[in-house]
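We just call them A, B, C, D, E and F in the order they show up, numbering each chain from 1.
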Amino acid sequence: MPVITVNWWQGNDREARRELVAGITDVVTRVSGCPDDAVTVIVRDVDPDHWGKGGRLVDESTLPRSLR
Amino acid sequence: MPVITVNWWQGNDREARRELVAGITDVVTRVSGCPDDAVTVIVRDVDPDHWGKGGRLVDESTLPRSLR
Amino acid sequence: MPVITVNWWQGNDREARRELVAGITDVVTRVSGCPDDAVTVIVRDVDPDHWGKGGRLVDESTLPRSLR
Amino acid sequence: MPVITVNWWQGNDREARRELVAGITDVVTRVSGCPDDAVTVIVRDVDPDHWGKGGRLVDESTLPRSLR
Amino acid sequence: MPVITVNWWQGNDREARRELVAGITDVVTRVSGCPDDAVTVIVRDVDPDHWGKGGRLVDESTLPRSLR
Amino acid sequence: MPVITVNWWQGNDREARRELVAGITDVVTRVSGCPDDAVTVIVRDVDPDHWGKGGRLVDESTLPRSLR
């Protein structure tokens, strides 16, 4: 406890996941006061053709990036 | 916002996901009044041998289809 | 199977959930070919002060609605 | 209904998933009184390099096994 | 690790949750070989009027119990 | 996109959620390069009597805090 799940797009490498896990664990322990070892982070890489925004698959989207 | 997650079986292609995302976004905006661009849909293809129903893996199930 | 989870904001009433469930089930059965009775929809009302976008809680956000 | 999701590490084979689904369904029906056929179990194999504990990716962790 | 999430209907009391957690932990450790202390179970009570099956809210459903 | 879900225990107030959302958004944008406005964080407060660890409900647990 706590358990954090991150859904983001495919393409982030091991170094990115390493920074993500370290950074999120840092924030959560600072805010909640729990020890590092109690924090679980699960990272899910989602294919852009399995992600919809604005009614369209993201890899076919015409939305500006901040809206996806 | 809103965020919709769909867990269904593997085997649906891009065209199916395209229709799924368009259709769900349509329903959600109509019911909630939020704009299209605010709707996120995440699609997860699940392998039938990672899906259990009635105590058995679905690809070994003897249940009729509506019960799976 | 399939299982759909909807996270949206608090404030939608029973009639809204009824339309949501009917509409999503309709889309999913049409696209996937599975029977109505096989579709599960779980609706989660999220308090805007438990929802973050753009780095802020949504009820303190200055973002336009389509960006939340 | 009910819907149970299991996130565990990659490497468990079909026989393990078969036992997992049978065992969990058994527990849930015994406790809740619902029939077997109403229980859905979704199994997600997570790569250890997509799983963080104690601020590090699990396959780089120095934590004892019970803490991961 | 592992993390198990159970979505079931409201109305199960503390004793039911206690048995559920003990039983699921037992199954998961037996199948995966991990120690008890590594198993997390999150229980979510869902209101039947936030749960859809067969296109209808479950508390308005005419489906037999095994189909809900 | 991305969508982050945090499951933690009840008892964190608005200020804690505000810091959590700001901190996680900061980490995710730094690591993934996406803009702030694209990051969604959903916070779920879980009652300790709905959270199991080591086969027991957490509010009855005898585990040291880092193991819960």
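The definition used in the following text is that a residue touches a chain if its C-beta (ideal position, glycine included) is under 8 Å from a C-beta of that chain, and two chains touch if they have at least 3 such contacts.
Just so it is clear, the structure is predicted and the values come from calculations on it, not from any experiment.
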Fewest touching-chain hops separating chain B from chain D: 1
Chain C on chain E, rotation in degrees - Cα superposition, rounded to nearest 5: 120
Farthest chain relative to chain F (centres taken as mean CA coordinates): B
Chain pair with the higher count of C-beta pairs in contact (A-D, B-C): B-C
Distance between chain centroids, defined by C-alpha means - chain C, chain F (Å): 21
Chain C and chain D, separation of their C-alpha mean positions in angstrom: 26
Multi-partner residues of chain D (at least 2 other chains): 1, 3, 7, 20, 24, 26, 36-37, 40, 42, 51, 53, 66-67
Chain contact topology (line, ring, star, complete or other): complete
Residue ranges of chain A in contact with chain C within the complex: 66-67
Chain A - residues contacting chain B, complex: 7, 46, 49-57, 60, 63, 67
Contact set on chain B toward chain C in their complex: 1-9, 12, 16, 19-20, 23-24, 26-28, 30-32, 34-38, 51, 53, 58, 65-68
Chain F - residues contacting chain B, complex: 1, 3, 40, 42
Interfacial residue positions of chain F with respect to chain C in the complex: 14, 17-18, 20-22, 24-26, 36-37, 39-45
